[in-house]
Amino acid sequence: MHMADALISPVVGGTLWAVTAGLASYSAKKMGKDLDDAKVPLMGVLGAFVFATQMINFTIPGTGSSGHLGGGLILAILLGPYAGFLTMASILTIQALFFADGGLLALGCNIFNMGFFGCFVAYPLYKRIVGDAPTQGKLLAGAGIASIIGLQLGAFGVVLETLFSGISELPFSTFVLLMQPIHLGIGIGEGLITTAVILFIWRERPEILKKEPYSIAKGSINLKRIVVRMAIATILISSVVSWFASTNPDGLEWSIAKTSNQEELAAPEGIHSVLADWQKKIAILPDYNFKEAAEAASSSAKGEEAAAWPAVSGGTSFAGLVGSALTLLLAGVIGKSLKMAATKRS
Amino acid sequence: MIKIEAQLVNLRHLDELATGNTVIHRLNPCAKLLTTMVFIIVVTSFPKQMLAGLIPLCIFPVALVSLGDLPVSPLVRRVVLTLPFIVFIGIFNPLLDHSVAFQIGDVVISNGWISFFSILTRSILAVSAALLLVATTGMEGICAALYQIKVPKVLVIQLLFMYRYLYILLEEVGRTIQAYNLRSFEDTGIGYKAVGSLVGQLLMRTLDRAQRIYVAMRCRGFDGNIRLNRQTRVQYQDVAFAFGWSAFFIFVRMVNIPQWLGSLLTEGYR
Amino acid sequence: MSHHLVEVKDLEYTYPDNTKALCGITFRILHGESVGIVGANGAGKSTLLSHLNGILTPAAGTVRIGDYSLTKQTLRQIRRTVGMVFQDPDDQLFMPTVYDDVAFGPLNLGFLPDEIEQRVMAALETVGAAHLKNRPPYRLSGGQKRSVAIASVLAMSPDILVMDEPSSGLDPFARRKLIKLLLTFTHTKVIATHDLDLVLDLCERTIVLKDGKVLADGPTLAIFSDAALLEQGHLEKPFSMQGCPVCNSR
């Protein structure tokens, strides 16, 4: 579920980064007030623990498939939502930096998709289900439902972020149908594993579960305030960043306008028509397809001149390909000579 | 599982690379962080139909690898490993987008394929940039940079602690899994019955360890405030590096160099 | 001098699960003494050590370090005086680099940057780890970690050094290096260990614990020569005092 930089636009990436940064400083501030200084080593070590445990492959009985421990819920249970969120953020950061699991621009999105939904949505839900007097059934239900919902929301976040970036051609309906069922399965797996661990703790050292680091009583996580702030930030950032970004954010529109004879390759029999039919049949939101929206917009803009944004030569042409090859060659030469210069110096 | 050992090897390797002492390694970590972010933002800001324009940007990773004296093949291997997933998502582009980009004789190249390769190129560029940042700066440097740009201290400390104990936890989990595998005769992962107690006990031990560390900290006077004794200097070469490369990236974004070079050549023939 | 005194009177401690760990321990360690604390596993060695700098609070009895009785108010002062080296150096080295770990204590005590630099380098030189100062702890060998852990305590200039199993996990060379190092220290030393040969080399006095009580307290050689006593304490003679394996003499 980690998003890569290749599929994301700076607008989406930047916006989500702003939101994540806001959440992070909010969490840090909240922690600052009730910081139990034993938390400092605890967060670090638990972060390492969850990271390491995510490498373990568990087989889910009956399905023959495997599952992993997600960690967001367990961290929130052991540390409270704020410390849990920051710990998830650090885990994702190390994954992005050292294991190329998720891009650096997309890191904001990933921390939001997995950290926010895990700690600020799934965890309160878990607490509400389990209540003050946990029983085996309640723990199973709480961990299971919370994990599933958290993952579904996270997966949906991925879909929306990819869609709004406009790099991938995947239409909304296809992507949703791809992501949600897969993550439902993952969510169930994660829920089962989380439950198993929680049950173990509950049997051996229940005081860990009973100790409530931060009260999630109705008032203390003001979800409404968080959502409002996020919405304001989103609107502000995306409008500011969009203004700076290319006046033709959707390259598809640009290329349609610029294509010499505006012809669409006649749809060959086979894959394309199958996909097209399939799309039409199951499109849940048929109007919510950026491709069509872009086409509609471009047909009205056909007469306009190329946008004023600095000399971006539209798309890539044959000349472009030749030039690219040449550039690659040049790059290689530069690299070799830099290396020789460096070794000569040392 | 072998996966954990591989991850540990990867981690150590990258960490080892970061201890180099080349001109790149000695640059201020903030400069490197900033430049990398500008790079990634420029890469992702290209419209998806733009493939040729992206190519000159590869000079950045090439330069870093050469000047940083970094081994090429392990890094290339890492980058290539991230591609399958990208291909899986990106392949929908040529499947769904059939508008024509251009023709070479009878061969028609669709925009779908252009955007597909554009996506691949972005991936390679962005992933390389992130890896090279770590390989030339290391976790310590990156945390110093983050602290400098006012990331909350709690988070920076968390990153440092977590990184420090990651090795220990990975080894411990690795040993536990190996012990499990040696006594289970199927190689299919951990069975559900064992999950609760295996992970649960690891967790207990981890909590105990956290407690011991906390005690050790208290014994050395810890009062809730970790004092980081860091001073990073900003020198002329750091500023030059950051501004120079950023200017180059923005130039590449604005001028499609390969297009220009290519049209020079192709038109030159007419 | 009184501030190097370690005095324990009728110390009792019970674990949260109601096992009695210490059942009335009394002893007095004077300035500059080197005392080995030995006993079977579970005899209470680590528990006893944990009382010497206030990690654990006695259920009954008193602990006195130098001029101060161990109370909540005197804790900070006592932790400056008593430097504790833990069994697992990984628990003690938690900062990103060796330098940071050794500087951690002095930084918390409020020293100025110049003084800190001085203290850190002096401590690292003492243990022979100055060349490691920029290394992260996960890239140190067992012996190096042990040395750095000791340095991290030395940097606070304690008068009393308390060590829990200092030689465990060390290869013979590292172990010998450690013993040589400890011999140069003039601090009061309290060392809990299974390594009876180390006690023989370092400590002129030994306290034997059994089931939370003091079984014997006296000169090391005398205790290690008393086979019956050792057997009672679930111990045996140090290897260097056992017969030569080649001649098979006993």
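Annotations
Chains here go by letter, A, B and C, matching the order in which they are written, and residues are numbered from 1 within each.
As a working rule, contacts are C-beta pairs under 8 Å (C-beta built on N, C-alpha and C of every residue); 3 or more make two chains touch, one makes a residue touch a chain.
Just so we're clear, the structure is a prediction, and the values are computed from it rather than from any experiment.
Taking the mean of all protein C-alpha atoms as the reference point, the chain centroid lying nearest to it belongs to B. Comparing chain pairs A-B and B-C, the larger number of C-beta contacts belongs to A-B. Farthest chain from chain C (centres taken as the mean of C-alpha atoms): A.
Centre-to-centre separation of chain A and chain C, using mean CA positions: 50 Å. Chain A and chain B, compared by their mean Cα positions, are separated by 16 Å.
Here the CA centre of chain B is 44 Å from the CA centre of chain C.
Residues of chain C in contact with two or more other chains: 94. In chain A, the residues that reach two or more other chains under the touch definition are 41, 44.
Chain contacts: chain B has residues 139, 160-161, 163-165, 168, 209, 213, 217, 222-223 touching two or more partner chains. Taken in their complex, chain B has these residues touching chain C: 15, 139-140, 143, 160-161, 163-165, 167-168, 209, 212-213, 215-223, 227-229. Contact residues of chain C toward chain B in the complex are 53, 55, 76, 79-80, 84, 86, 88, 90-92, 94-97, 99-100, 103-105, 107-109, 113, 116, 136-139, 152-153, 156. By the touch rule above, chain A contacts chain B in their complex via residues 4-10, 13-14, 24-25, 28-29, 31-32, 35, 37-38, 40-49, 51-53, 55-61, 66, 69, 86-87, 89-91, 93-94, 96-100, 103-105, 162, 166-171, 174, 192-193, 196-197, 199-201, 204-205, 208, 245-246, 248-252, 254-256, 259-261, 263-265, 267, 271-272, 275, 291, 310-328, 330-332, 334-336, 338-339, 342-343, 346.
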